[in-house]
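Notes follow once the structure below has been shown.
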Amino acid sequence: MNTEAMSLQDFRALLQKLSAGAPGQDMTDEERVRRAKKGFMQKLNGHRAVDLDSCLQCGMCAEACHFYEATQNEKYAPVYKFRPLRRFYRREMSPLRWFYRPFTRDITVADLKEWQHLIYDACTGCGRCDMICPMGIKISASIRVMRHGLAAAGYVPDEMRVIRNEQRDQNKLFGVGVEQLKALVDKLGAQGVNIPLDREQADVLLFTTAVEVLLFPDTFAATARILNKAGADWTIRSDAFEAANVGIITGDDPTMKLAIRRIVDKAKACSVKTVLIPESGHAYQTIRWEGATEMGGPLPFETLSMPEFIAGEIQAGRLNLNAQSNGASVTYHDPCRLSRKGGVMQQPRDVLAALGLDVRETPANRRENYCCGGGCGEYVLENAADLRQKAFEIKRREFEDTGADAVVTSCANCRINLMIGAENSDWQTPVTSLVETVAASLAD
Amino acid sequence: MTLLDFASGPGLQWALWIFMFGVVWRLVGALFLLSRKDLTKPREHNSVAAGLGAVISRSAPAHAFEKRILFQHVTGYVWHFALFISVLFFAPHILFFESVLGFSWPHLPNTIILVTAIVATAVLIALLIRRATHPVQRFISNADDYISIFVVLIPLVTGILAFTHFGGRYETLLGIHVLSVDVMLIWFPFGKLMHAIMTMPARYQAGTAFGRRGVKA
Amino acid sequence: MRKDQSLGEYLRAQGVSRRGFLKFCSATASMMALPPSALAQVAEALENARRPSVIWLSFQECTGCTESLTRSHAPTVESLIFDAISLDYHHTLQAAAGHGAEEARMAAMEENAGEYLLVVDGSIPVDNPAYSTIAGISNLDMLKETAANAFAIVAVGTCAAFGGLPHADPNPTGAVSVSDIITDKPIINVSGCPPIPVVITGVLAHFLTFGSIPELDALGRPVAFFGQNIHDRCYRRPFYERGQYAETFDDEGARKGWCLYKLGCKGPTTYNACATLKWNAGTSFPIQSGHGCIGCSEPDFWDKGGFYNPISAGNWGSRDALLGAAAAGAALGVGSALAARARKKKAQAAEGA
């Protein structure tokens, strides 16, 4: 299938122009500090309190962080990334705050400025540090609270601010809106891929992402073909198709909630049994593992990622695959938010095995997997390009260690990051999508 | 009142009060901040098993990390084992714990205790040096980190000196040792030593949070 | 006993041979940790020593110190030394009573002004001096009056040396030691409850030999007898080192003679000669008899948490108070959390988060 996709080069050019469109932000320093503190206070709770009161300052978290490993810069130690939050907690919320206050420096605007780089450029929220901490501290959760405070204080990096505003105000992302989706659906329809658009009611509600529409329309088409082959009763809505959530990436709660609500409301309106998340780690995490809590009650539908759905259909006998016997080897890159933070680790491997592929594991895999280096949406940050490239070298070594013929993953964002990294370092091993790999082997 | 009378009398009394008071205050105060309930559908329903599992399993680092943290992992184990044996299985110490808790347990021969105490001291000094020289630890460490090491190091050293009757009159050595323990007890709720208490709730909540998503914490 | 007799003459009159006398001098010299070469000096000094006047005042005491000194089964040369001093005033031992006794005391003080030795046993009540009086004179007044012209004072027994039993919590009489009251005379504290008899006579022997105060430790006790702690000389020390303890008074460990630390022995912090000189002419001492040292030669030994409370258990109060502290901590924990939650709610409400 050769649908007209935007080239990676063009996409990267698009990204580079993003920050130019960032609107100005007028806030006094005092206002920024006040908002940051309020943001911290809104998110600090019993769990974070236990975490912040448990840190041993052992520094092991640095040994789990790909950015520290790639640069040996001690400022990238995850524990340091939430240092201002710890100071705030000790001054304002800790049970012993009256004893700590005289000895703990207050938050300053200089802190917020300095931490913008550490929180956005040098952290992908991958949670690998969560796995290593001997105290079991969920470091990534505290870093996320930092993002919340920095976001409130107007320190979301320009590029992210642009797309955040775009999603919040225009319900679009990278310029992809209703028209773009409809255009793609029409094009695919002309190529024989049936996409039941805008049905009032269905069992399965599929979502996609702007990145898929722009860069990986083949993946979108492959998804449709799999659904059709499995005989699913499904639809996709042009008025609510975007699974990506820029709110959760930037730490902007209102936008996060808004984007969740768009999805959940539509799913309810269509009385669907299943919400199907496309290949996007954070999109899955947002709905599956945060949606119900944000919406205040259990969701009336189940949320599935593509690997879960495909594995389920194979097991139920509704999807038959042509197992390959050419001994092709692949290595599966675990998207952090799907695997370590989502619990979807075995299903993609089962699917690949069902395809007859020789699945090889990188030295660090599953819950210990190295992040692709770009996080979800952080490939937009120009300042972090160097960092991401250095982190990519770690992934490259891991992949090369397996000797696999190709890298398969199930997250469009991981895919972009790995592709950019490969392009920059002239690495030839192909990076492909699980969905596309499955669709290529659909049996009749 | 001699130094020993003060240290094991009013000094110890106040130290124990402040210790109990502070530890419970800090623990309850952190837990009681509460958290919003997670309303998503869990993969695993036995959160208690997941929580307790993490309390134990976090003592062993995941495979991919082992090589990078081998030194800290090994010295951490040796340090804690040596310390626990010296503190918890030395007969005179057990008599103290019995006075607090109301029950006791068998003790180990004193020779073993002397060996473990020396090992613990040596390892702690090694960890202190590492903290002051390793790029990451040196960068992130603050006063609390160093104070916490010293308030434990001094009881270890003075304990060895008292036990071996080395360096002065016995009741003075013992008085200094008990006084240093008083200081440690008073510091405990305020500094990093609190991790001894916090390990359980922190690891437990990691276990349940990841467990509900089907991931081993 | 004639006052003009020298000690040597007196001992010969009692039938002590020259050999026996030299044996006693050599034992005395070694007790005072003098080198063998000092024997000649000790012998000559004791031979020619004049019998000093000794006034013995008994205040808030149980008479145990006197009993310890005088109740030997067989007279020893030590007790003869004691007999050999001119004991001009002693409630228990004197024949006189009433005004006659007090007059004898005043006469001795006048005749030997500046030269007599004052021995005190028992503590002195200061809350109300009327708590203990002799012939209508309070202990406090009598001590000051008698000490004024004494050469030196020997405070015999822990009561006189440190306050002893009456001084124990809550000290209802305001009992104090001799050194709390007299600050301008040399005081030798011969503590113990009671002291070992030979320690007393050793001090006297030192007087007779050198006419001076023996070397004293920080608590005013003769270093020769109080310079080492029981623990260092205890024959059960190897069991302490190995960690073999008696858990009760009649268990296997007790029968095997293991260390008595767990049963409250205060040996490690008690300085006395019990483990070397022992009691009843070297027969035994408490630990050897299976009971832990109660630390009776140390100040405030009654208030160290109890004779059966091990040293390491400390003396830190009640468990209930500890639970109270925990309860208070819980209350403050909840309070601090509620306060923080209220602020958080306010911060959340402000944005409709």
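Letters are used for the chains, namely A, B and C, taken in the order the chains are written, and counting of residues starts over at 1 for each.
One rule holds for everything that comes next: a contact is a pair of C-beta atoms (placed from the backbone, for glycine too) under 8 Å apart; a residue touches a chain by one contact, two chains touch by 3 or more.
Because the structure is predicted, anything quoted here is derived from the model rather than measured.
J.: Which chain pair shows the largest tally of C-beta contacts?
T.: A-B
J.: What chain lies closest to the overall centre, CA atoms only?
T.: That would be chain B.
J.: Need the CA-centroid distance for the pair chain B / chain C, whole Å please.
T.: About 42 Å separates the centre of chain B from that of chain C.
J.: Would you kindly tell me how far, in whole Å, the mean C-alpha position of chain B lies from that of chain A?
T.: 38
J.: With chain centres defined as C-alpha means, what is the inter-centre distance between chain A and chain C in Å?
T.: 80
J.: Provide the list of chain A residues touching at least two other chains, using ranges where the numbers run on.
T.: 44-45, 93, 95-96
J.: Show the residues in chain B shared as contacts by 2 or more other chains, in ascending order.
T.: 22, 25-26, 28-34
J.: Name the residues of chain C that each touch 2 or more other chains.
T.: Expected reply: 332-333, 336-337, 340.
J.: Note which residues of chain C are touching chain A in the complex, please.
T.: 332-333, 336-337, 340, 343-344, 347-348, 350-351, 353
J.: Taking the touch rule as given, give the residues of chain A at its contact with chain B in the complex, in rising order.
T.: Residues 44-47, 49-51, 53-60, 62-64, 68, 72, 74-75, 77, 79-80, 83, 93-96, 99, 103, 130-138, 288-293, 295-299, 302, 339-343, 345, 363-365, 367-368 of chain A touch chain B in their complex.
J.: Touching residues of chain A toward chain C in the complex: what are they?
T.: Per the stated touch rule, the residues are 38, 41-42, 44-45, 92-93, 95-97, 253-254.
J.: Chain C touches which residues of chain B in the complex?
T.: Residues 1-2, 4-5, 8-9, 12-13, 16-18, 20-34, 91-93, 95-96, 98-100, 102, 107-111, 113, 165, 169-171, 174, 178 of chain B touch chain C in their complex.
J.: Give every residue of chain B touching chain A within the complex, in rising order.
T.: 22, 25-26, 28-41, 43, 54-55, 58-59, 61-65, 68-69, 72, 76, 134-145, 189-190, 192, 194-195, 198-199, 201-207, 209-210, 213-217
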